[in-house]
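Right after this note come the structures.
One chain, chain A, links the two complexes that follow: it is found with chain B in the first and with chain C in the second.
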Partner chain A sequence: MPGLSLLISALIDGVSRAMTLFLISSGLVIIFGLMDVFNLAHATFFALGAYLFLQFYLSTSCFLISLAIPIAVGILIGLFVERVLIRPLYGKHIMQLLLTMGLMLLLLQIIQIAWPAGLYFPETENRILSGMLEIAGTRVRIYKFVLVCVGLLVYLVIDLFMGRTRFGAMLRAGTENRELARAFGINIELLFTASFAFGSALAFMGGALISPLVHATIELPTTFTLMAFVVPVVGGMRSYKGAFYASLLIGVIDRLVAYYFSWLSFAIDLIIMIVVLLIKPEGLFGGE
Partner chain B sequence: MKTIFRELSTGAKSSVTGLLLLSTALVLPFYARTFSIKMPILYVWATFAMSYDIILGFGGVPSFGHAAPFGIGVFVSALLLSRGVPLLLVYLAAALTGLAVNLSMGAPCYRVRGIYYAILTLAIAEMIRVLIENTAQTTVAVTVGAVPEFVSEHVLWISGLMVNFMVILTVYSFIEDLRSTRPRRFKALKAVFYILASAVIVFGAYRLTVWTYSLHKSMAAGILGYRELVRTLSPLNRYYISLFVMVISYLFLRRIVKSPVGSIFLSIRENPSRAEVIGYNVFRYQLLSFAISGLIAGACGASYIVCIPTATLEVLTADKTFIALLGAVIGGLGTLVGPLFGGILVGFLRDYLGKIIQNLHSVVPSLTVQQLQLLPTAVLGILYILIVLFLPYGFLGTWYLRGVSIKRKVKSFLMGRKV
Partner chain C sequence: MTEEILQVDGVHTYVSGFHILQGASFNVKEGSTTAILGRNGVGKTTLLKTIIGILKPRRGRIIFKGKDITGLPSHEIINLGISFVAAERAIFGSLKVEENLRIAFKGRKEDYPTLLEKVFSLFPDLKRLENLKARNLSGGQQKMLAIACGIIRKPDLLIMDEPSEGLSPVFVKKVVDIVKELNEEGATVLLVEQNFHAFKGIIDKCYLMDKGRIAYEADAEELLSRPEIISQYLGVSA
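Showing the complex of A and B:
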């Protein structure tokens, strides 16, 4: 049955894309929820992670090393951006927005200058990375399942981290009411820096993890910049749980549309976003 | 006649400077012809930056999709021009298209504010580009062929008339300004400067008149071929058309900014919730600023096609938004003259950096031409970040804030008094 196999591959594709979206947008909403900074460059961080991963994978061909380096770079870049660029502009939201817009454009140019032709993931012997699995007459990359598992794992880790650790409690307190949290003795500046570094590390990791599936070309940042905006708007700007459900919704719908009505494939995300803005501007899953 | 002049050059000192700058710009191509080739696109960027400033500097709404009204305006005017529609109608159509684009982009945001505008506009602008790119599958390019207005003698005649009129007006305003200046030392200094300046512009206007007359004679004699005409006349006409569009946009925007609506814009920018409480419909005014800005951006798109006769999808990239953003931020958000000069500066810097970087190719041979072409934007990006961090009011805004004391010092020195 070709119809069923198409549906299955669309669904698997959708869920794996949803996990990718979650990896991008979770960092974005954590940062926005805490410090009201919407980092327009976030998806560019994600793309930079993919490029760095492939760069190191092509030279070392060790998965773990090339995963660790983008995460480390992500933490460093997050620290740098928060301390040097965002900090002087605390409280000036429009200026922060203008700044991250500039950062996005700058990083896009740097990516294109450094890797003009893009980087391509090589065929490997490793079954997990490049192997195929046959389900209902269609061949699916095994790595997609890995990605889904990783996405769920990251969600669980963030959930536990937010719910069970002291740092998570501080983050939640800061998101809920910044002034009160400060009054209770939380070093809110340190918290900002830490959460920004955490969020950008998440983005870099997401980029690194997705790069075996999509090659790192200049379409990667442009596509995911759009997607990274849609998810927080749909799911609620401040909640990582909302981002998770919204990612699932957007990812699956996006892929189903791409498989069945390919001419609509980009517009559908925007349409969903506009409809949500009109009906429920605070986001579908955000208002608790 | 005298009252008309007095009306037109009403005492304010800024109008003297403005008139002088305008007259200089008008006679510029008759001192060096390269200006008529290099400058028009800079005027386009200046207009573009001003149109952006209406949203961000006056409306207080961050919009990152300003390339959309501009780019669509470019394509509309390219398509219309290549079908032989008169230029004036093309400008009108492009402006209205820009207005429609911005209205439809701003309208879905009626429940939210601030950040959503930024996200949505950026997303829509990128989406339009990606959609066109994906559906067209070939390189999208519209080239405008022969446009009768560019080789029309009448456009030059009208421009020449305007130039002479402006020059007379400027000289008249010099005289008026001198008459109202009191301290003698100051007056003498001003007089020397004004005489020099009027000599320059009057001589420029004289050269223009002579050149136009000789062109008319040789055209009447039928010596000039079409190709000659395109080579000599067309850059001048393009220059004047783009300059006039810039000046008209400036006057239009200034009229709006100084009107009651403009002060409502400012109150919304400063404190939206307060403006709402006072009773202004914040969303409606923000949408109005969007619409005005789209109108100018669309007209600016038509100007772009006047300067660069081929429209490619490049006009829809975020890079073009960035030019407007950088121009407005460098010049000073919330002023009009600032973005005007900011836009010119950004255009000049892009051009200049591009030229430097071409020479860089021999120094660093490992970089390809495509990579080098991206470098100017990267350098400007760094400049932009530095400006946002250290000079958030831009050059003119900072001058307005800090310049008063400097001005006072200079003035008291010239008047011979101790500070």
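Showing the complex of A and C:
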């Protein structure tokens, strides 16, 4: 039945796209929630994660090494950007925004110089990475399911970390009221640095994880820079839970529209954002 | 001769360009309960925020336990043994009651359960509400939680901004009793109040504040015998 198989493809694609969006936006909202810094270079970090993963995968063929390196680079870049670039501009939000914009443009140039032709994930013998599965007459990449599981796992880990640890409670406290957090004896500057490094690492890891499915070309950062805006606006700028549900909503609707009304594709994401801005400007989960 | 645990010397602080503290000086003796009294807007809260480093003084010195803490970051000042209970929005509403206490606690991990039980014995209500988000507590319960957060880390100096504000007389009495008990256990207490009469029985030393300075200092008993001073600086009759 062609109708059903199309629907199944669209839904599987939608959920795996949702996880991609969540991996990009979760770090962004954690950083923004605490520090009020909207990192425009965040999606470029994500793309850089994909390039680095592919670069190392092509030379080592080892998935874990190729994943670990972008995460480590993400932590280091996060530490550097927060300590050296953002810190002198605390409280100056417009300047921080301009700074991260400059950083984005710089990184895009570096990407184009380093990998002018882009990088492509090779065909492998590994069933999980390259294999296909047949569901109701549709052939689906097994790795899409892996990506969905990883996305859910990342969400659960963030949720446990934020909800159950003392550090997570301190992060939520700093997000709610920075001055009171200081009065509670919390070292808020250290918290800023740690959360920026954590958020950057999440972005690099996300890029690395999706690279078996999408090729690393310059379209990757440009497309996702816009999506990295849309998800937090829809879900609520300070809520990783909001980012999760908004990613699901946008990911699934985006793919359904792309399969059935392809002329509306991409515009639909912006339409969702505008509708949410009109009815609930603080985001669907912004009140929490 | 008791020692001064806190010395504030000629402190000037600006808030958004306004010259709020204009040379405030006072001392707090170790083991005492000291009050800073004054009308709204004379700079009491600014003074407290300057002591704990949330606001940076432009001039003057602040000494705590013999160490110059002027200009140090808040978390370093707090970790030297000061607790600050803010007047408003003194707890994190999005955190559970127990989480507020957990992030307020600063000592060794293994001491936490004992201190938590001790705080719960002082405020039995809080134990019952332990897993509730703090924003769901009543105003009085939130104040109790704020005080509980202030004392769970066993500070050498407990600073409280308007502890009785917005509380019913029953709760005010409870706050007074708790301050008294803490003080008897050896903690030094510094509080800012407008409601002098509720606290007069437990205050040792009073500083009256006016226009960003300490204008008058007296023992509590002496102040009670000078109703004209009280009405001049506090606007209430004795």
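One rule holds for everything that comes next: the second predicted complex is superposed on the first by the 288 of 288 C-alpha atoms of A that agree within 3 Å, B and C clash if a C-alpha of one lies under 4 Å from a C-alpha of the other, contacts with A are read in each partner's own complex, and residues count from 1 in each chain.
Basically, a residue touches a chain if its C-beta (ideal position, glycine included) is under 8 Å from a C-beta of that chain, and two chains touch if they have at least 3 such contacts.
These numbers were taken from a predicted model, which means no experiment stands behind them.
Residue contacts after overlaying the shared chain place A:Leu40 against chain B, while chain C stays out of touching range.
Using the contact criterion defined above for the overlaid structures, shared-chain residue A:Phe184 touches chain C, although it does not reach chain B.
Once the two complexes are overlaid on the shared chain, A:Asn126 sits clear of chain B and of chain C alike. Using the contact criterion defined above for the overlaid structures, shared-chain residue A:Thr60 touches neither chain B nor chain C, since it reaches no partner.
Set against each other, chain B and chain C differ in how many residues of chain A they touch, and the higher count belongs to B. Residue contacts after overlaying the shared chain place A:Glu176 against chain C, while chain B stays out of touching range. When the two complexes are overlaid on their common chain A, residue A:Leu277 makes contact with chain B while staying clear of chain C. No residue of chain A touches both chain B in one complex and chain C in the other.
The touching residues of chain A, counted against chain B in their complex, run 38, 40, 85, 88-89, 92-95, 97-99, 101-103, 105-106, 109-110, 112-113, 116, 222-223, 225-226, 229-230, 233, 237, 263, 265-267, 270, 273-274, 277-278, 281. Per the touch definition, chain A reaches chain C in the complex via residues 166, 169-170, 172-173, 175-177, 179-180, 182-189. Interface residues of chain B, counted against chain A in their complex, comprise 56, 60, 62, 64, 108-109, 111-112, 114-116, 118-120, 122-124, 126-127, 130-131, 134-135, 318-319, 322, 325, 329, 367-368, 370-371, 374-375, 377-378, 381-382, 384-385, 388-389, 392. Contacts from chain C toward chain A in the complex involve residues 52-54, 73-75, 78-79, 84, 86, 89-95, 99, 102-104, 106, 149, 153.
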